[in-house]
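Have a look at the structure below, then the notes.
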Amino acid sequence: MKKLLALLLAGAMTLSVAACGGNEAPAEDANAEASTELNIYMWQQYISDELIANFEAENNCKVNLSYMSDNADAINKLTAGGGEEYDLIMTCDAYMESLIAGGYVEEINLDNVPNSANINDAYWVSKGYCVPYLMNYIYVVYDSATCPIEITSYNDLLDPALKGQISTIDGARNLFPMALVALGYDPNSTNADELAEAYDWLVKFNENVAAYGNAEQNLTNGTVSVAVTYDGNASWAMAEKDTIKIAPFTDDAIQLGMDLYVIPKGAKHVDLAEKFLDYICTPEVMAKNLGEFPYSCPNDAAVEAASETYKNDPARQFDYKENVFFQEDVGEALTIYNDYYQKLKVGE
Amino acid sequence: MNNPIITLEGVEKRFGNNLVVKNMNLEIAEGEFLTMLGPSGCGKTTTLRMIAGFEEASAGIIKVEGERVENKEPFERNVNTVFQNYALFPHMTVFNNIAYGLTIKKVPKAEINERVTEMLKMVQMEPYAKRKPDELSGGQKQRVAIARALVNRPKVLLLDEPLGALDLKLRKQMQIELKRLQKKLGITFIYVTHDQEEALTMSDRIAIMHDGILEQLGSPTEIYEHPKTKFVAGFIGESNIFDGKVTAVDGNLLTVETEAGSLQVCGEGFAVGEEMHVSIRPEYLEASTSPVAGFSLDGKIKDFIYQGSVVKTTIDLVNGQEVKYSRFEQDQTVSEGQKVYVYWKPEKAVAIKKNEQGAV
Amino acid sequence: MSMTDQAAMPKKKNLLPKLAMAGPVSLWMILFVTIPLFYIIVISFMSRGVFGDVVYKPTLESYQTILDPTYFQVILKSLKAAGVTTLLCILIGYPFAYIIARKPKDVAAKMITLLMIPFWTNSLMRLNAWLLLFQTSGPVNNFLMNTGLVSKPISFIYTDSLVMVGLITNMLPFAVLPLYSTIEKLERSLLEASADLGANARTTFMKITLPITFPGIFSAIILVFIPSLGIYTVTDMLGGGKVLYIGNIIKNQFGSIRNWPLGAALSVLLILVTMLLIFIYTRFAKIEDMEVV
Amino acid sequence: MALTRREKKERRINILSNIYAFLVYAVLYIPVAVMIAFSFNNQRYNYYWNGFTTQWYGKLFSNSALINSLWYSIIIAILSTIISVIIGTIGALGLKKYEFKGKKVINNMLYIPIIVPEIVLAVALLIIFMKVGLSLGMGSILIGHCTFCIPYAVVTIKGRISGDNDTLEEASMDLGANRIQTFLRVTLPTIFPGVMSAAFLSFTLSFDDVVMSNMLAGARQSTLPVLILSMNKSGITPDVNALTTIMVLVIVTAMILNNIIQRSLKKKKGKI
């Protein structure tokens, strides 16, 4: 029955696929000669159009960018044979271990990416399987003109005075660590009881949240006075409005997320992918990119080459930069995270 | 018939459990104007559609020019149809409508032009060649529909109540035009109508259908003067019909006992004691205020109906049956309520067998 | 040739055009509507794997989850929102459709076109425009502040009310179009006859206009209620990720949360609600009568 | 001229109803106006109004992701329109003309995509595609779009097939045209207005679709609405407003042109 169904569907598919011509299948002979096409899956608003255009011109190729809306999307792509469709996929440090174990990513020959030497080894997990791109602190910023209280810890975010005053990033693995740290637990806890407590914490937090996402806009136009967001977004907001400040956290650790590129298993344009990685690791190129996307960067040479504006960006001038934690693989506990996250979003 | 152009042998049509055409046998001669006449639902249109190929015969054989066509598609048959609602293609001009059949047959352009123009001339529609059907009157549409069929020079033209949608005056005019056209072209016309007057005016022969059965086939005079079934007698023209039983046979003179009284009629092949019908046209019916020789039925004048060319007089017979007789002028000798004796010349009445059906 | 041969031949002849014409659409509907919907029912009774995959082990877990009060609340909330949207769309749309239908034909055609133009622009951008309009330093708040009507900006955005505004403005034409086409068919002579028989305007409306245009009202209900029940874009755009309806929940099961059986079960529930509605609808009118365009 | 009481009342009702209609239109057009206005906003994101600029109209064309997604949407809309209209036209004729077993079932099945929330259908298709191992991409989006376009096409076209159609087809075959010639020369032209409105409807549905596309798109290339939806979290940039403004302009121009052409055609016809 299943076979018959597949056959029928396949028949109908050929009909519609044939109609859309060669658009669907990438060139099969890609490995033989230099690739002319590079397919990248990453976050939106995260790389300079100009950078891409220059790369296309230099290598006489076409770069197809497509965007994810959640870290889970990238993992879905990678575990579902992403090499069919993509040559580079952006993911984060937390998943590297299991991705390598599962054989979902290609080993990268760093000899072909000489500029990767510019990257600070301290930020380089799973070297040989990925190339770090940008990183970002997830911290709390506030508008000093309108924020009614002083915020020095996550628990301050539960203050009833902030009702409807917070714009926060979204996602189970971004929200729960905050709660866990606030409660004094491991931010990557897999303990069901701890997660239950974290859920209760987040329910209270949720009451103060005006919106998930859009932190930059909401902060800038005055919809909210507090935001949990990335340093890059904070930078833009600060540039618009100089009353926006970083919350002076005293003890609580903040999350440092690392966004990196991997080459999915079976990628078709590895040569071009490596060229691209090398290109973005070039200090001048990355420096220019940082001018447009002012996030923290693990590429020391690029930071050195970056503009004064970038170097003096108030969004990165805070003193608890060392007090950070990283997202780690939580294995099967992810289900617990997801269930509570779901409940959090459903409950009113 | 030597060389019938259309032959129907035992043709039947069934829709579900409904037999709408029953055991139809019919031969139509080349150049003939044959009308299929009958009330709505009698199967006449279905028969026509089977000849055209729009309906498949459930049983039987249909031949065109001696060749069997039951399994041929409509476009493979050399017959053309003029539809009841004209069925002109709304998106084409009059010219293109007429040229359609020729275009399909890939006739050379010049010839198409010539033949269509000729047709337009024939149906007097030349000035309207560039119009669309919705810019034409009913009569004009009709002409285009006829021209569109005739331009293909079919052996047989099938016409399905082509004049049904026209007003009376135009209909009469078109009847004459059609008849002339048919004579001139010598094409076989099979004409379907429920209008008996139209049938009598135009046809060489009339096939009268009723409940899927061919009741009688004959010339207009035969049909009118010698109806073979009670239905035909009642359907064509007006008739006074009596049901009765033969009580005496004297040569071809029958004496028939009916509820209205004893009467006489000429007819052959009847036996004493046989049940039968007697039909007499109003114009042959006579009424007298005084007793007459031979037979007569007692009646009473009910009323007079003035109908322009004729005046109809209604008479109540003793059993309550109404009979009519018509004259060009009102009969001044009688008045309403007066007792009269009704009679006729036996040879003017028609003797009809009971249960006579499918006479052909 | 025997009679049976003849009976058999025409049938064969007719099969090909029948198959060629009704075949593709039938096949498409079976392959891409019936089979997938059946499969979704199957999936809803299966278990969820750790990484969001479907494990083919029958369970009622997903349905038990739905019965959890929080989910139940979301479903009720979605039903309520869709219901209010439908009601308002019809209350606003009926007089509007009536006004259009009473205009001369060419004016009415222009008014309908005018109604449709916004809907040929991207719906998400129109939703986003509401956000721009009502946000804290947006034009509306600026106006209110500048004229001194309010001293502090009003928080319009990320609220249920703004979601409702988005829903209504996005759904209104789906109510107006079927209403217009039934009202337009309403013979003026019927209204005149009613007035002639001594009925006042209100009685005429209640006794003649409303009952005759009932099919249009029901089409409008179907065409507004069902999409509003399943839609998640409006809440996504205007709800700030805080206002969630059943559509969002289903979408999330197949996206970030990855619980396909639960998503399937919620879909089945949505189908059941829809079917119930259609059942009620068919009590009043034949489904074929539904005015779609 | 003095007005009677009744005329006065009618006039008052007329004015009130015009005001009402105007208000409804205003509510529908406000978002469009705001959307257009903010395409001239001099700001990286549309946080608030920050002065007039036309820079976004220039920058628009260097935003390859945006332009690509627009083309992708257009191609998908055209292809799904073609497929839906072909299948829909043939299907509508077949369902109207022929009697066969299961016709009622198919007729009812056609209403499912219309009455079932789109998300359910999208989910169902996603599951079945995954099951048979079809990779998501243009093919899957096309199937999804056609699945909801075909029923609308069938319903629209079926409504335009009048009782006359059968006779016209018979007339054509009677004049020697076979089934295919008849279809192309008679059937299709007579139902053409229906086919056109079905095409129009399919294009609109497909071009603006988010739910189905979002579920079935391979992430390799997204349609414009899906791109806009994904931008929502980070913020929609004014160049998207610029793009939609251009689209509005194109649509309105096309409508006006269409109107002018129709009117001149009518005039020409009237002269003959």
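In this document, chain identifiers A, B, C and D correspond to the written order of the chains, with residue numbering beginning at 1 in each.
Definition applied: a contact is a pair of C-beta atoms (placed from the backbone, for glycine too) under 8 Å apart; a residue touches a chain by one contact, two chains touch by 3 or more.
Just so it is clear, the structure is predicted and the values come from calculations on it, not from any experiment.
With centres taken as mean C-alpha coordinates, the chain found closest to the middle of all protein C-alpha atoms is D. Note: the chain lying farthest from chain C is B, by mean C-alpha position. When chain pairs are compared by contacting C-beta pairs, C-D ranks highest.
Chain A and chain D have centres, each the mean of its CA atoms, that are 36 Å apart. One simple way to say how far apart two chains are is to compare their mean CA positions; for chain C and chain D this gives 16 Å.
Averaged C-alpha coordinates put the centre of chain A at 88 Å from the centre of chain B.
Contacts with at least two other chains are made by residues 28, 32, 35, 135, 137-138, 241 of chain C.
Among the residues of chain B, those touching two or more other chains are numbered 73. Those residues of chain D in touch with two or more other chains are numbered 46-48, 128, 131, 143, 146, 179, 232-233. Of all residues in chain C, only 17-18, 20-26, 28-30, 32-37, 39-40, 43, 92, 95-96, 99-100, 102, 111, 113-115, 117-130, 132-133, 135, 137-139, 142, 169, 172, 222, 226-227, 229-233, 236-237, 241, 247, 250-251, 254, 260, 263-264, 267, 270-271, 274, 278, 287-288, 290, 292-293 touch chain D in the complex they form. Partner chain A is touched in their complex by these residues of chain C: 27-28, 31-32, 35, 48, 50-52, 70-71, 73-74, 77, 135-138, 153, 155, 157-158, 240-242, 244, 248-249, 252, 255-259.
Those residues of chain D that touch chain B in the complex are listed here as 164, 167-168, 170-179, 181, 185-186, 189-190, 192, 272. Those residues of chain A whose C-beta lies close enough to touch chain D in the complex are 2, 5-6, 9-10, 12-13, 15-17, 19-20, 23-24, 39, 41, 44-45, 49, 52-53, 64-69, 73, 77, 84-86, 170, 213-214, 216-217, 220-221, 236, 240. Residues 17-18, 20-21, 24-25, 27-35, 38, 46-49, 87-88, 90-91, 93-95, 97-98, 100, 102-103, 106-121, 123-128, 131, 143, 146-147, 150-152, 154-156, 159, 179, 197, 201, 204, 208, 210-211, 214-215, 224-225, 228-229, 232-233, 236, 240-241, 244, 247-248, 251-252, 255 of chain D are the ones touching chain C in the complex.
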